[in-house]
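Two complexes follow with chain A in common, the first pairing it with chain B and the second with chain C.
Now for the complex of A and B:
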């Protein structure tokens, strides 16, 4: 009986706080993406449609570790039984990737473009809870370039 | 030290190539962090302790790689790649590798 109560409490806590946290995170992601829309990130190795000389280039990276809540873990476990898309993990990975790219951009706000953006995902706490994902780490890295005519203080609008 | 993850340093030319350089670290957080992360796993959201841990180890690995390149006499590293693997629960290995070159 006790363990059932604890299980239900964890489930409710996970559901309520997980939902709140996800909503808050998505709002923050959207606001920051709008702010950083002028800094394009591409997976190409050469700047597209701009042949101005490059003054400076550097390696930049951003990363985040995000975990799913208890309720979604249970939901995913059920889904695993019946098969089909596990939407709770889809949103988890989507959030983690967008957050990692945002952090990468925030680490070089005056850059003109980011080349060769690569995103890497790894689950870091696999051992803790059987074969469930639990938490994922997403790392985004790329090369930030600064054009010569634009000084680092005044970036292109 | 110029570092990039494309085949060259934009705006510069490569003159000498020294071969692969790499750096790696394996790190774990203290138990308090692990317990906290366990609790956070119920509510969901970002695990700041682990984010910090991986950030520190990645910086450390980069520093080691750069030191190795410097020892060879290189002034740039191109085509850098990162890889992460979990060795045990709560510990992560970060490996960074690239090609050491001289640019002008």
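Now for the complex of A and C:
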């Protein structure tokens, strides 16, 4: 009976705090996406904006590690049984992907454009019994380019 | 090609179904699967137990040493006397192997048959009974479980259940532990059919040993009166009266049918 109580407490805690954290994160993501929407980040290999000469380019990256809450983990475990889309992990990965791109953009606020944006995901799970960690890492990387006339003050070695 | 700064109007990458609803749908599905599997494999266990001979059972459990750990055995004298009482049934009950009694210090009013020819008696049972006949009936009842091989059925079902729980919820999900602790051996129960069969065997053994069946219903009556007190204090949500009353009536009816007399009982001295 004790373990059932602990399980239910964990479930409720996971659900409540997971939901709170997710709501807060989404609000932050939306606000920052609006702020950074004018900085283009594309998967194209060539600049899509004007064809001004490029002053310099650099590799930029942003990454994030997000953990799943107990409730989502359990839901995914149950899904394992029947198959189908693991909806509980969708928001987790969506948040991680958007957060990683935001961090990438925030790392080069004066860039004119980010080219060749790539996103990679890896799961961080350690241990195979009892307290398995269910976390995901998303890494976004790309090439930030700076036009010569757009940011003449910006010069890096 | 011009860049148009814009954000998507809505997020198509996440599902908007409510997760709590999904949780209840999934958990109901899993439980239905487990229940059906448990029922089907339970039938399989019954068939398998009928095929397993007593010699095979004895050989198997003599090699496997299971640490049941029910509690402390601190009353060697009483335990030896209980063993004597159990051995006294030998001429009346044909059991394929000797039964070892262990008396465990506990308030639980129960006794149980566990595989490997071991009978566990909780000392609470001795406190709840006042006659030797009443105690002997319970011992015979447990011997009846051995004779009808219910201990194997119970263990088989336990194994089936833990395997199912592991399949359904994964060995590391915590769910399996919960199921294992919920289905505690100490409180495990046989089905009513199994219990009444064991009652039947015990009644015949009691008649054979004492020449009458007085005291057969003693424990059930005691438990019933305890329940009534508890009900009076509004402690019990689920009254167990019908079950106990049914068992008492069944025993009385059976004794009448078989023509077993009811006589004075002997006081319990251990």
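In this section, the second predicted complex is superposed on the first by the 142 of 157 C-alpha atoms of A that agree within 3 Å, B and C clash if a C-alpha of one lies under 4 Å from a C-alpha of the other, contacts with A are read in each partner's own complex, and residues count from 1 in each chain.
Methods note: a contact is a pair of C-beta atoms (placed from the backbone, for glycine too) under 8 Å apart; a residue touches a chain by one contact, two chains touch by 3 or more.
Note that the coordinates shown come from a computational prediction; the quantities given were computed from them, not determined experimentally.
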- Item | When chain B and chain C are modelled together on chain A, clash or fit | fit
- Message: Going by the contact rule set out at the top, does A:81 touch chain B (first), chain C (second), both, or neither?
- Response: second
- Message: So in the superposed three-chain picture, is A:139 touching just chain B, just chain C, both, or none of them (first/second/both/neither)?
- Response: first
- Quick one: classify A:72 as touching chain B (first), chain C (second), both or neither. both
- Task: Return first, second, both or neither, reflecting whether A:91 touches chain B, chain C, both chains, or no partner chain.
- Result: second
- When the two structures are laid over each other on chain A, which of chain B and chain C touches more residues of chain A? B
- Message: I'd like to know which partner A:106 touches here: chain B for first, chain C for second, both or neither.
- Response: neither
- Touch check for A:118: first (chain B), second (chain C), both, or neither? first
- Message: Quick check: superposed on A, how many Å separate the nearest Cα atoms of chain B and chain C?
- Response: 13
- Query: Which chain A residues lie in the overlap of the chain B contact set and the chain C contact set?
  - Reply: 72, 128-129
- Query: For chain A, which residues count as touching chain B in their complex?
  - Reply: 10, 13-14, 17-18, 21-22, 25, 45, 47, 53-59, 61, 63-70, 72, 99, 115-116, 118, 120, 122-129, 134-135, 137, 139, 141-143, 145, 148
- Complex contacts: residues of chain C adjacent to chain A: 1-3, 5-7, 11, 13-15, 17, 19-20, 22-23, 26-27, 29-30, 33, 168-175, 177-178, 181-182
- Note on the structure: Counting only contacts in the complex, chain A reaches chain C at residues 1-4, 7, 15, 33-34, 37-38, 40, 42, 48-49, 71-72, 74-75, 77-82, 85, 87-88, 90-91, 94, 113, 128-130, 132
- Task: Please give the residue numbers of chain B that touch chain A in the complex, ascending.
- Result: 2-7, 9-11, 37-38, 40-47, 50-51, 54-55, 58, 80-86, 88-90, 92
